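Same chain, two partners: subunit A is paired with subunit B first, then with subunit C.
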Partner chain A sequence: MNPTVELANVYLLALPEIVLTLSACLLFLAGTFRQNRHFWAMKSLGILGAAAFILALPFYRQPVDPLFALQAPNMVQPIVLDRLALLLKIVALIGGAVLVLFSWNEVSDDLAAEYHACLLVIIAGVGLSAMANDLIILFLALEMISIPTYVILYLQKTDLGAREAAAKYFLLSVFSTGLLLFGFSYLYGLCGTTNITALLDGLRSTDAGRLPLIALVALVMVVAGLGFKITAVPFHFYAPDVYQGTSLTSAALLAFVPKVAGFAALLRVLDFVWPGNRPPGVALGTQAPILFWILAAMTMTVGNVLALLQDNLKRILAYSSVAHAGYMLIGLATAPELAHQAAAVGGGQAVVFYLVSYGAMTVGAFAVLAYLSTPQAPIETVDDLAGVSRSHPAVALMMAIFLFSLIGMPLTAGFAGKFFLFLGALEVRPEQAVLFRCLALIAALNAAAGAWYYLRIIAAMYLRTPLRAIDKPATWPGLAAIAVCAAITVALGVYPTPLLQAAKAAVGQ
Partner chain B sequence: MQSFDLATYYPIFIFLVFVLGFAVTAMAMAHLVGPARKTPVKQMPYESGMDPVGDARQHFDVKFYLIAILFLVFDVELLFLYPWAAMAYREGNEALLPAELRGPVFVVVLVFLATLAIGYVYAWRKGVFQWR
Partner chain C sequence: MFDIRTLLVLIPVLPLLAAAVTGFFGPRFLRKNSHWPCIVAVASSCVLAFLVLGKVAHAEAPLIERYYTWMQTGSLDIGLTLRADGLTALMLITITFVGSWIAIFAVGYMSHEREHEAGYARFFAAVALFVFSMTLLVLGDNYLVMFAGWEGVGLCSYLLIGFWFQKPSAAAAARKAFLVTRLGDAGMMLGILLLWAGYQYAHPQTTASGINFETAFTWASSTLPDDTDTQLFFGTVALLLLCGAVGKSAQIPLYVWLPDAMEGPTPVSALIHAATMVTAGVYLVARSMPIFHAAPPAVLLTVASIGAATALLAALIALTQHDLKRVLAYSTISQIGYMFLALGCATTDGLVLLAVTAAIFHLFTHAFFKALLFLSAGSVMHAMGNVIDMRRFSGLRTVLPTTHWTFLCGAAALAGVPLLSGFWSKDEILGAALEASHHAYGNVYMVLFISGLVTAGLTAFYTFRAYFLTFWGEVKVPPEAGHHVHESPPVMTVPLMVLAVGAVGLGIVVQPFTHWFGHLLEHHWLNSSFGGTIQPAPHGFNIPLMAGSSLFALGGVGLAWLMYVRSPALPGKLAGTMQGLYQLSLNKFHVDELYYVFFVGPATLFAGICQAIDFLVDSVVDLVGQLPGLLGKLVRPIQNGLVQFYALAMILGLTVFLSALVLRMAK
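Moving on to the complex of A and B:
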């Protein structure tokens, strides 16, 4: 094919991301002329809507089933619009819109344009990392998420805690990027290509037992580099300090966006997507499930145990995000075995499902805190929420929904997600059954322990008398963000099938 | 895919041993053999031959950093444009870029320049060029 046409096709696939990035550039420029948070938040919503429209446009003519018109990744294209990419791009755009609504009144007038421009670049980065079929594009997409995040961390608050948070996140993120690139360089050295499909094809054609030792080094380095983004345990240290130091909007962003991009990258690079008739996730070594087993057990245990000791709400949610990363890692550990025995719900599928549910409930919980906070009287500790059910009954109910979902109560998204993950661990065939039943047991114990610190917040909201009056005027964007998150949380809990099917199609198993 | 054999890299290990050995030996020899006469001048911190003045930890005005970063706008521009200009339009055997890709690459270079220009205008509008 003519290389110019080929290039144009590749650019067409990334059209929503190009629109987002160009609009962000315009926002940076125009923000120096006009400073008004309502104006820029409105524009930003409009731009996200335009990107969603462009994303939906090619499927307008094929009303039968757009999902099957999508292509599988091939060995030529650096980016690819397969089902996983499409699903994660939709998630990113919805998440972006919720974050815009959520931060509507949280940013100051003079920084609103910059804040929203950075947010648009981050959303474009998530879309691009979901589409990446090339190690270099994947790396650039992850940097497109990281670099605006550094800016956002420093933009909204510049007190000592925020400065510490920004510096800590910057340095550790750069370090993790180094680890990731080190792993990528070994992958390139092994196969002589940066195209992920070609690379995995090369690795698959080698007998699993005869993979060189260096593949294992690449596996460990890639998992370590991406482990920082998903706050897996040895790489979680930054999370509580950064969440506590920064604003609630940035904390919500950090809890949601890097996890989506990190898990998307893990699924793609480690061969969980489109495995064909091969077991997923073991292209870089048969030891991968054990690595994820250990990471999952450590991550959920450390996250939940340390969350028990916290009194600051942001730190509780930070450790809770660590714990939930642990639950999701179960899916990666069980994926090869489950695909082998053709289980009803595969590992990768459960991870994608949980990622969406987790995003809705965590961003929702942060949005409630932001909705009730004022600069003079921020909601920081559990005590600050005491008696909220009397002054703000509706918001307290929403918060209770998010917290029950984080615990994993039935009829919420958190229950459905945990159910699919834990069920997967229990279903593993007899040879490995003991190992993975142990993992399911650890997960169940963790979910029970985790209930304590979430229930503590609910008890404070409903059973205690207010320590101080929370008098914040109602703002519709904040309420809208909370409502969208609550709707997704409940809808996925009551009727999980559509997303579960989409997730199954996304990982191609 | 070629199998990986650590033995093929033995020159690198010999090199590493040699480099480390040389560094350690040189430092150890200087420490053991060299005379150590501690005069006040020798004990001073070395600042490129100048007498050290004051504490090294002091505040610098942020405008110096801004100017240094803005210099990068032009520096990176040159760094990127020069190899492209030198390589893209070679003819015949020396051609590095297929002729039909010249147009798209030219557009990419324009996009790059536009990106830098946006950064430049942003800095200008934010008043970075005012020396306050």
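Moving on to the complex of A and C:
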């Protein structure tokens, strides 16, 4: 095909992201003329709606067949709109809308336009990273997420703690980006191409399991670089410090967005996406499951164990986000083996499912904290939530739903997600059965330990008497954000099948 | 107008919506109009139920619709599947028709609650939720959907018995009802699981699930007569299911919760604890009849014996109670005992139709006359300022003329006065028992038949005792009633009159001459669930039996008249001479106390031992629980806040991974 036509098609695929980015530029400019947070929030909600509309437009005449890939990635296109990209773009747009609602009253008037513009660029970055079929595009997309995040971290709060948080995040993020690029450069050197499909085909054509050492080193570097984004241990250190220092909106953003982009990139670069009839790939060779086994076990254990000791709610949620990244890594560890066995629920599928569930419950929990906080009396420690069930029964109930879901109680999204992940670990057969049963056991013990600190919050909300009055007037956007998250959490728990099937179609196996 | 798929799902969904609307918006927005969603939804469901009856009557086979598959893995196939057949249609009409009128009655009865708006909305939300659960129970096409409805009605019963939860006795009664029925439910759950597991065991290659009605019943009705292992299996399943039925329907030994349940508002007693929920056990046994039929005959004998014994015992207790509602509660227990007696008579293929028709027919008529009696008692209570002790009022027939007439209609129907609906259905039950005495365990069935006859006499006596004590004699009104005692408003009396018409006339219309009831059950339910092996029942009347039971009924009424109108001194003397028996009946044969000594006492002791062990285990677990915390304390120092250290840790981690990789590859 003619390269120009090809390129034009590529632009069409990224139309929603282009709209988001251009609108963000307008917002940056226009922000000087009008300083009103509600006005700009409304605008960005409209822009997200427009992007969603553009995304949906091609499917108006031709509804998506629920089980088949839209288009398999090829060796030419730098970006590709396959099932995984479509699913994650939808998730990103919904998540973006929830974040806008959530920060409706949380940002100051004079910085609102900039804040929302940054948010739009971040959402565009997530969409682009989900579509990237080229190392360079992927890198750019990830930077489109990182750089506005630095700005947001700096914009929102200007006290010392916030500056420390922003600086820490900036330095370590740049550092991890370096690792990622280092890995990318080796991959390019090995295969002579930056197109991910071509690159993986090249790696796969070498004898299975006997990859050159240099390729493995490159892939470990990539995992390390992306490990920062998904807060895998030992790349997680920034999370508690940064979450604690920054505002609740930024913390929610950090807990959700980089994880989606990071896992999307991991799935793509490490060959976990097998659309169509391609054989299950093992680009990382036989070492990959072990690497992810260790990462998963370390990540969930460190996250849960350290969360036990915390009193600060943001730190608890930070460690909880580390722990949940650990659960998701189980899916990556089991994916190759499960694909060989043609298991009912594959590893990558479980990861995508859990990603959505995790996003809903974590953002929801942050949204509740933001809803109850006022600048004078922020909700910071578990004690601040004491007796909330009496002053705000509905919000307390939603918080309880999110926390129960994080624990993994049945009929919530967290249960369904954990069930699929743990089931995968139990289903891995012959040689590695014992190894993966151990992983399932570690995960179960971790889930039990995790229940302790979540239940502590629920107990404080329901069983203790209020230490101080929380008199925050009701604001509908905050409530709407909480309600959307709660609805997703419950819906996925009660009826997981649609998302599970969408996830299966997205990653192939 | 509607296709069957929409119809079936709308019947439970409308009350559910009403419950949600009333529950969420009632206290704030609907306030004094909180009754509207409930009444409109239940009445619409009633209209739809009649449409369903029409569709069922024209359909060849049961109408089954699957709405969504909840879980499907291997042989576990659980779907939200609803079915409509003759039995379902009749149950739906009973529930929604009686339910509508009771909801309307409740508007008047609960009028003093309208001041406390939250309570008013809570009441109607719970009633709507109850109708949802009960319709789901009868619509479900597998044991799991049925169990969901089953637990739902249990919950609503708990909520409504404890409606006035500020009263300690109401809270205790709600707890008792919930716990006692849970005892039975545990057995029922085991029965359902056993059925599923057994089916899987017997059909290893299957993908069908044994908890689906069609699958289970086809298997049960194809059991060969000499296959004793399978028969024993079905016997076990049947007995476990019976546990659930006995708990929910308040039969021996789990009947003790129902009299206490009278703490709830009277419309609730009428709807849940007389007309519908307590008959769920009868529905369960009737629905599972292929399983009971495939079991050894001793199982059905157990059902019949439990029924007859409960009927007699409850009737004996009802003789001496002073509380009008408690008389009616014991009468309900006794009447449901009758239904179990009827179900237990289905020992041969020829008897199934006779027995099941008798039981469901009695369920149907009982729903009308017992709801009527409760509502009339509620009307009395309303006028008497919530006094319900019959020693404190009398001669109300001039004060409450409408209530008097409707109560009389209900009482006559319950007593089995000839030609009223209770007469016909009770007669069919006694006929079935008499018929069963010609087959296996004939002598025992003969005894059960005679005890049923005696119970009929007792029923007539205690019913009219209550009637005469309340409405005859000199006018006596308790001070709580205030100065102007008056008849209830039309919103209460109209439902009474409607139900009275039903209690008097329905029986004769639907069964004894037209046989509509029997035909509906035979052609649109039993034939398909038994695979066509049952034989039609003979039509015709057993005149001597009818004469005998009429004699017992009228004798009971006459005796009551003699003792409570003609010579009111007689009962006192009689009680004096038979002090022991009188006290035994008055104290409900001390069953509650016996249970306390034999079950609660040992249970408390056992709980104490468990508590001690629990403390021990807890301490050990606590010790283990400290471990993660300790581990955390060990790891904590590395989270030192220094960004240089964090970067170093990242590099160190990376190095460890890389060197491990290199070492492995080098090997």
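In the analysis below, the second predicted complex is superposed on the first by the 494 of 509 C-alpha atoms of A that agree within 3 Å, B and C clash if a C-alpha of one lies under 4 Å from a C-alpha of the other, contacts with A are read in each partner's own complex, and residues count from 1 in each chain.
The rule is short, and it goes like this: a contact is a pair of C-beta atoms (placed from the backbone, for glycine too) under 8 Å apart; a residue touches a chain by one contact, two chains touch by 3 or more.
Small disclaimer: the values here were computed from a predicted structure and weren't measured.
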{"item": "Clash or fit (per the criteria above) of subunit B with subunit C on subunit A", "value": "fit"}
{"item": "First (subunit B), second (subunit C), both or neither touched by A:Leu213", "value": "both"}
{"item": "Partner chain(s) touched by A:Gly46 [first = subunit B, second = subunit C, both, neither]", "value": "neither"}
{"item": "Contacts of A:Pro498 with subunit B and subunit C, given as first, second, both or neither", "value": "neither"}
{"item": "Apex subunit A: angle to the C-alpha centres of subunit B and subunit C, given in degrees as a multiple of 10", "value": "170"}
{"item": "Partner chain(s) touched by A:Pro410 [first = subunit B, second = subunit C, both, neither]", "value": "neither"}
{"item": "Touching partner for A:Gln287 - first (subunit B), second (subunit C), both, neither", "value": "second"}
{"item": "Which of subunit B and subunit C A:Pro393 touches, first, second, both or neither", "value": "neither"}
{"item": "Partner chain in contact with A:Asp241 - subunit B first, subunit C second, else both or neither", "value": "second"}
{"item": "Chain touching more of subunit A, residue-wise (subunit B, subunit C)", "value": "C"}
{"item": "Touching partner for A:Gly178 - first (subunit B), second (subunit C), both, neither", "value": "neither"}
{"item": "After superposition on chain A, the shortest CA separation from subunit B to subunit C (Å)", "value": "14"}
{"item": "Common interface residues of subunit A - those touching subunit B in one complex and subunit C in the other", "value": "213"}
{"item": "Complex contact set, residues of subunit A against subunit B", "value": "2-4, 7-8, 25, 28-29, 32-33, 190-191, 202-203, 205-206, 210, 212-214"}
{"item": "Residues on subunit B engaged by subunit A in the complex (per definition of touch)", "value": "1, 3-4, 98, 100-101, 103-104, 115, 118, 121-122, 125-126"}
{"item": "Complex contacts: residues of subunit C adjacent to subunit A", "value": "73, 625, 628-629, 631-633, 635-636, 639, 641, 643, 645-647, 649-650, 652-654, 657-658, 661-662, 664-665"}
{"item": "Subunit A to subunit C touching residues, read off their complex", "value": "167-168, 171-172, 175-176, 179, 213, 216-217, 220-221, 224, 228, 233-235, 237-238, 240-241, 287, 291, 294, 302, 304-306, 308-309, 344, 449, 452"}
